[in-house]
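Structures incoming, each one as structure tokens.
One chain, subunit A, links the two complexes that follow: it is found with subunit B in the first and with subunit C in the second.
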Partner chain A sequence: MNLLNSALRVLFDLLLYPFQALPAAVGLLVVSALAAMGMLWVFKRTSNQERLEAVKRQIHAGLFEIRLFNDSFRRIWSAQLGILRNNVTYLRLSLVPMLFILPPLALVVAQLQFHYAYAAPAAGDQLVLTATLDEGWQDSGEVPVSASGKPQATLELPAGLVAETPSLWTPADRMLSWRLRVEQPGDHVLGIHIGDQQFSKDLAGSRPLQRRSPVKPGRSWVDQFIYPAEVPLPADGVLANVALDLAPAEVALPGWKVQEMAGVPAWMTVFFIFSIVFAYALRKRFGVVF
Partner chain B sequence: MSFVPSTPSSRLAPYWPLLALTIVVAFAAPAEAYVGPGAGIALLSSVGVVLITLLLAVASILAWPFRALWRLLTLKKTARPWARRFISVGLDGKDPRITERLMAEGKLPNLTKLAAQGCYHTIRTTYPSMTPVAWSSYSTGVNPGKHNIFDFLDRDRKTYLPVLSSAEIGTVDKFLRLGKWKIPLRRPEIRLLRKSRPFWSILGDYRIWSTVLRVPITFPPDRFYGAELSAMSVPDLLGSQGTFLLFTTRRSDAKFKEGGQRVELEGTTDRFSTVIRGPENAFLEGDPLLEIPLEIELDRAAKQVRVSIDGEQHLLVPGELTPWVTLTFKAAPTVKVSGITRMMVTELGDHFSLYMSPINIDPESPAMPIAHPSYYSTYMAKKIGSFATLGLAEDTWALNEEVTDDATFLQQSYDIDAERQEMFFAALDTLDRGSLITVFDGTDRIQHMFWRYLEEGHPAAAGRDGAAHHNAIEEAYIHNDKLVGKVMAKLRKDDVLMVVSDHGFTSFRRGVNLNGWLLANGYLALKPGCEGSTEWLREVDWSKTRAYAQGLTGIFLNIAGREGEGIVTPGAEAAALRKELIAKLSGLRDEERDEVGINQVYDAHEVYDGPYLVNAPDLIVGYNHGYRVSWDCATGVTSGSLFEDNLKAWSGDHCVDPKIVPGVFFCNHAIDNHDPALIDIAPTVLRLFGIDAPDYMDGKLLFDAPPATLTGAPARAPGSSADAEGSNDHAA
Partner chain C sequence: MQPEARFFLHPLTAAAVAGLMLLGGCSSPDSISRSGSDGSSASNVIVLGFDGLDYDLTRKLMEEGRMPNFSRLDAENPLAKLGTSAPPQSPVAWSDFITGMDAGGHGIFDFVHRDPKTMAPYLSTSRVVADPAAGEPFQLGECQVPTSGGEMELLRHGTPFWETLEEHGIETTILRMPANFPPSGTATRELSGMGTPDLLGTYGTFTFYTSELFFDDSDISGGKVVAAWPENGVVVGTLDGPPNPFVRKKEKAQAPFEVRTDPDEPVAKLVVGDEERILQVGEWSDWVPVALDLGTCGKLMMTPSLPAMARFYLKSLTPEFQLYVSPLNLDPMDPVMPISTPASYAADLAEGSGRYFTQGMPEDTKALEGKVLDRAQFLEQAHLSRDEMLVQYRQILADWKGGLMFYYMGTADQISHVLWDTLDPEHPRYDPVESPKFADAIPDAYVALDGMVGYTLEHMPPNTTLVVMSDHGFTSWRRAFNLNTWLWKNGYLAVRDAQSALTAKFFGAVAWDQTRAYGLGINGLYVNVVGREKKGSVPESERQQLMEEIRDKLLATLDPKTGLPAVTRVYLREETFSDGGYRDIGPDIIVGYAKGTRASSASSLGELSAEVFADNVDDWPGDHLMDHESVPGILLTNRPLPKPAPALRDLSGAILAVFGVETDVAAK
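Entry: the complex of A and B
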């Protein structure tokens, strides 16, 4: 997974490099078009196009039938039942291409998420850095502990970042937290020392469009899949992950500043709209029915 | 290899690992929010459809009380209806002699059963016995003098040139001009020239639904309470009544005489680039023809041809007709004209030829009004797929010109019949109360083109091996019998089923050049120095012409004040001339064959009655079996011999003496009138639904009283003629 993520990171960094200085919407427009084309290609090859076409035609016919026989309750209900039946078939037929599309799309979405979901911290912004220890951190004996049972950890901050608080220990969650303040935005690497072990967390803030991850994952497969933007923590370390509470980014469209809604990042809303519009616009060129 | 029915789960088996991965991924943030454009749209569309359906359901529920109230307030009262559904299966040109022979031979079991259950009669056709005339009388219940359809063609009274008798397509003369573009400010007016009212229109006044499928002379469609698909007179996209295209490497200066265009392919390689020419582009100055790029690539080794139409690829195998292919002509930004065609490679040897059927108006996106309501053709196309919309959909001209062969024509005919059956049964399944009227044309077209193989010595069969299609007509009758069986299986209580043909059929061995006869006998004169070999009577000296033949059975007098250059005084002179011509032409003999060519010539004033008599031909020629107007005469050529052999594949006909080609009439209930005529059906249908026929209708009721076999009918008086079950005068 790490190898795959490394490759994807390089690929997406290169792909999005030309858009670094441009508004987020521009890059998303291009990425959405490429994604739409890719999805159309997959959809065409993995779906039963003939049956989809036939079912869609029957759904349309049903809608016409309701209009045609609008004096007859019997005909209206019969047409509606037919439409619903065909709709179920349509969804079933769409499921197969969805199975093929979703895995690669998820990888793509995960990469885009770390380029577009989080805003670059500005001067004066406050961030909470949280290091979560492994479940068995005490067993190894490698972590020095204070009299109160709190793990001894030191923070190494680059110029431009200052710690506003000492570390706060939450034993139930095995979490050590610091509140940081950004004095000088830039590309920073934060260091955490626990015993002899040293850990780092990236914080990219020099440009609006950069790979920016709220979590540096541990070694678990799922964590790496979900947070592929940074090299995972070492497998023999005492930390499970390191997190920064980055602020969500907005995407400005003409006349509409898209914000995070119900947990859905702004970029994803834009990507969803753009890719659907592109897919609709390109479907005839690709000869795809959906 | 065995067939194991698959369950949904087994069908999905190959996808289980993928499904598992998808589930893992789908529930992992942030991918949970999005599943891609394809699947996303599928979900969106489905939700949209459900919402629209619910919306329509709610709207229909909310609107229903108001609609019901409106119906109650505006509904015209009817008497107690005798029937709940009237179903009419029109089998164009089904001949009683052939029908009776095949019934006697046991080859038409369903029609035999129908006759036994109800009745079978021959049915009187119209004067002339011609499809547009006969079906117009069928639908309106009046004689042609009241519905104004006397032939396929009429003439322009000023120019004497032929015009379509049933529809008039106007032009647009007002445009908004923007540079090279001109935007029409209104649509061209299309008028149906058939007068009077079809019975489905009257039924509609009483909110009785009718579905009318492909009944001739319904273009543009009637507006009534019901649905209609137009038929005869619907043009192709080029505006003609059926122009096929032939893309060929063969060089020829000869033009097709009938409805075809040859496009010569340039180049000696196996790749050709050309265009498909469509209709004129009314949006551009000069009205240039719309075009679609056509690329053809021959693969002789694989015996196939790759055809690319505007970038869309089609792989053709020689001798096989493609399904309907959509052609989209781009007229202006956002304005497209859509047509459908079928293609076939007819030659892939030293020469290459590609046949393209007439470009039908696309039913899914019609460029002209071919349905009522306007979306009905779209609905039907969605429901059953694309279908032929051209008035005369079977390409008889291509077979006449030997561009296609017998087998191809039969396939076209049966494919069109299959489309028609699908739409018929789709309509039947949704008919709870009302009428369904459909005409199937296959019998007519197949008899026109295959009669030559039915009888010994037909001149059109000379030099041809007709063995393969000797039974084509019989097979068409058997095919129709199966259709009737399927319909009978769907009948419910209180349904009335009628199986009707508009006329019978006979042989067309010899053509009669009536204009040649009129010229030879001094009734028609040519301009000095002319021989009469030009089409459409262009060489006629009208100042010396008293009569001329136009259309398939009509003779017009050159009446002063009516025709542009008329010289015959209306009244006594005209009557005397009619009488004179009747006397001379009735019984006209073909001395070469020692046969009577013309049985009887009828005076329009005696066979017609009504306000449109003035538009009728003055005389209607009733040809004998084996005779018909010659091809030359039909196209206005006066030269040539009076009688000549018909050598065309179009070898059977019905434009003869109406007395010798009655149609057939079957009904699942016995009728009281044992000498039915086509014009009797309209008033009878009205009566079945409790409506009195309007006084102007000429037809008589086929039932004196409600048939006893209709369960809702009151008891009939004892001794009533249709009292006994199975009462009929089955003439077989």
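Entry: the complex of A and C
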């Protein structure tokens, strides 16, 4: 998983490099167009186009039947049943290409998330850094603790970041937290020392469009799938993950500032709208029925 | 749409101007000044309304060189005294300014009015009006569906001067104007100010969570104290909102929160819903969004929660846990009451410069008086509010396209109220050790406003008239005068039992059938008139004679400690206020206390005390609710106004004249 993520990180860093100085909407426009073309290509090759076309014709016929025989309850009812049956068939026929499209799309979405979902921290912004210890952190005996049982950790911050609070230990969550303030935006690497172990967390903030991850994951496959944007923590360490509460980014469109809504990042809303528009616009050129 | 286009297209505007021309009171439409869309052409006016800026102190600080921007303006147009309202209370004063009328015209005489039919007090500027057609809530098991939500009603009458400008096609932006909640709806952009309630509908109710078993909460009037103990390092509490409207039994909308404390360091994590903040002891949080849960019934009604926000101050973790939570403010991102025009403007402002307080007066003087916050903590809170306003103001000024803009700042007033002893070593509250520590607090508040004036001069569009004004002055409040006790001791107010009279609240021991006069509010004195008051005892025919008798006695009353008169002027209603339609709801007499003396807080709420006079040792050493002649505000402009403005009531007319609008506001 780590190898795949490493390759995708390089690929998307290169792909999005030309858009670094441009508004987020421009990059999303291009990526959406490429994604739409990719999905059309896969859809065409993995779906039964003839069957799909036939089913669509059946559905249209049913709709016409309802309009033509709107005085006949029996015919309307029969047409409705036909439309429903054909819709189920349509969904079943779409399922196969979707199975081919979704896995790569998920990987693409995961990469885009870490380029577009989080805003670059500005000077004066506050961030909370949280290091979560492994469930068995006490077993190894490698973590020094205070008399009260608090793990002793030190923070190593680069110039441009300051810790505004001492470490806060919440034993129920196994979390050590610090409140940081950005004095100078930039690309920073934060260090956490626990006993003899050293950990790091990236904070990219020199440019608006950059790969930035709120979580440096542990070694589990699921963690790495969800947070592919950063090299995972060492397997033998006492930390389960390290997190930074990055603010969500907005995407400015002409006349509309798209924001995170109900947990859906702004970029994702824009990406899906653009992708759908491109897919519809290009479907005839690709000779795809859907 | 361009302002001039609006002017010519709007038929009502055209009719209004035509009428004025016929009366010969105005020039032709073409002569009315208009602002260009870039704010650079024609006339623009910015009014900075600084609550409670005192003329003498302003002049002193200018002479000391601490207010260079005021001095710069003063060199062009000298700083002038601006006559305030009778009585000189902020809601009254700002209403004078807004409408160009006195209290008889706009109907605001005090913070508190009374309904003579029930003798119940009510807040003078706004009220909730239930829909008369609304029936009982529709019952649905444990839930209920309210059939009407009721509406907020602004009780200030009269036409705001900005409405006249809008009628002439001039855009107006009116921000945080006092006595304008709910917003009038007549400006292009409005944000309500003083008088805007918190989520509970009060002028501000804080909550103090403490593990201190014997915390003395006897002095707390604007908040509540809640017991809270850490268990395994975690304090669990709830923020209480208003009653849940969707449940049949009495239940409050609530939001749970946790404070997870560190075992070694003075630091804790605050968790409210999805929001988390790390706070050290002695730190304030930013505005934390709070969703008050409306339970299953709320979810069924598609309203699962009430949005609000609060600031948290972690006062102490050991030896006692102490957490102050500000009044629950309406969240400007999603306010549950109307606070702006258009309704989306409050959220637009928050998106531009961050969440901001929406409660009318954010400086929590009640928490200071209740010893929940000390002076340093109070000042920190006041500075947070001030800085928030300054950031917001800069954003608004940058976006402003011209016309009229008004922005209000109330911090100097609130700081002056609670720290004036630091400027007055003769004050009974003056502590030779403690008071000098805060001697710079009030001057610093003035200096910050000077900086705002300087920023405005640098960034405002050319051809802008800048008006810097305050609604009243300020002075030391050394001696408290219990007007109701004075009336009692002079035979005008009778009690059923002398002993219980001293502990009874809100006229609880008053024998109304033998009472001829009573005091309510700070400057108000009412005659107990037959047919008007619930249990009146004075026939209308004797009212005038009684008022004159009381006036003469009050003017002859000397403070036994100082030997000076307690009252310098007594204003009889008919002699003082124009009959603008609302004179009759005000007091019969306005008492103009001598500088340094004010009605006691107890008297203003219908309580009696053993003595008429007492030293004022409350955490409220400064005030202005005296004879209005003795506490003028200030007026400072960057260019002469086309019309003189000796008093607040004249100022709105002078501002209209800058735009070439000669409407007689007072006549309207």
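Simple rule for what comes next: the second predicted complex is superposed on the first by the 290 of 290 C-alpha atoms of A that agree within 3 Å, B and C clash if a C-alpha of one lies under 4 Å from a C-alpha of the other, contacts with A are read in each partner's own complex, and residues count from 1 in each chain.
We adopt the following convention: contacts are C-beta pairs under 8 Å (C-beta built on N, C-alpha and C of every residue); 3 or more make two chains touch, one makes a residue touch a chain.
Computed from a predicted model, the values in this text were never measured in an experiment.
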Superposition on subunit A - do subunit B and subunit C clash or fit: fit
In the superposition, subunit B vs subunit C on subunit A residues touched: B
Partner chain in contact with A:Lys150 - subunit B first, subunit C second, else both or neither: second
Which superposed partner A:Ala172 touches (first subunit B, second subunit C, both, neither): second
Touched partner set for A:Ala106, first subunit B, second subunit C, both or neither: first
Which superposed partner A:Ser206 touches (first subunit B, second subunit C, both, neither): neither
Spatial angle subunit C-subunit A-subunit B, Cα centroids [nearest 10 degrees]: 110
First (subunit B), second (subunit C), both or neither touched by A:Val128: second
Touching partner for A:Ser6 - first (subunit B), second (subunit C), both, neither: neither
Contacts of A:Gln184 with subunit B and subunit C, given as first, second, both or neither: neither
Touched partner set for A:Gln198, first subunit B, second subunit C, both or neither: neither
Subunit B versus subunit C - smallest C-alpha distance in the overlay, whole Å: 17
List of subunit B residues in touch with subunit A within their complex: 8, 12, 15, 18-19, 21-22, 24-26, 28-31, 33-46, 49-50, 52-53, 56-57, 60, 63-64, 67, 71, 207, 209, 227, 373, 375-376, 378-379, 382-383, 385, 430, 432
Residue numbers on subunit A that touch subunit B, as the complex places them: 35-36, 39-40, 42-43, 47, 57-78, 80, 83-84, 87, 90-92, 94-103, 105-106, 109-110, 113, 117, 222, 225-226, 263-265, 268, 271-272, 275-276, 278-280, 288, 290
Parts of subunit A lying in touch with subunit C, wherever the complex brings them together: 128, 146, 148-150, 164-173, 177-179, 245, 257
Of subunit C, residues touching subunit A in the complex: 232-234, 260, 262-265, 267-269, 276, 278-280, 351
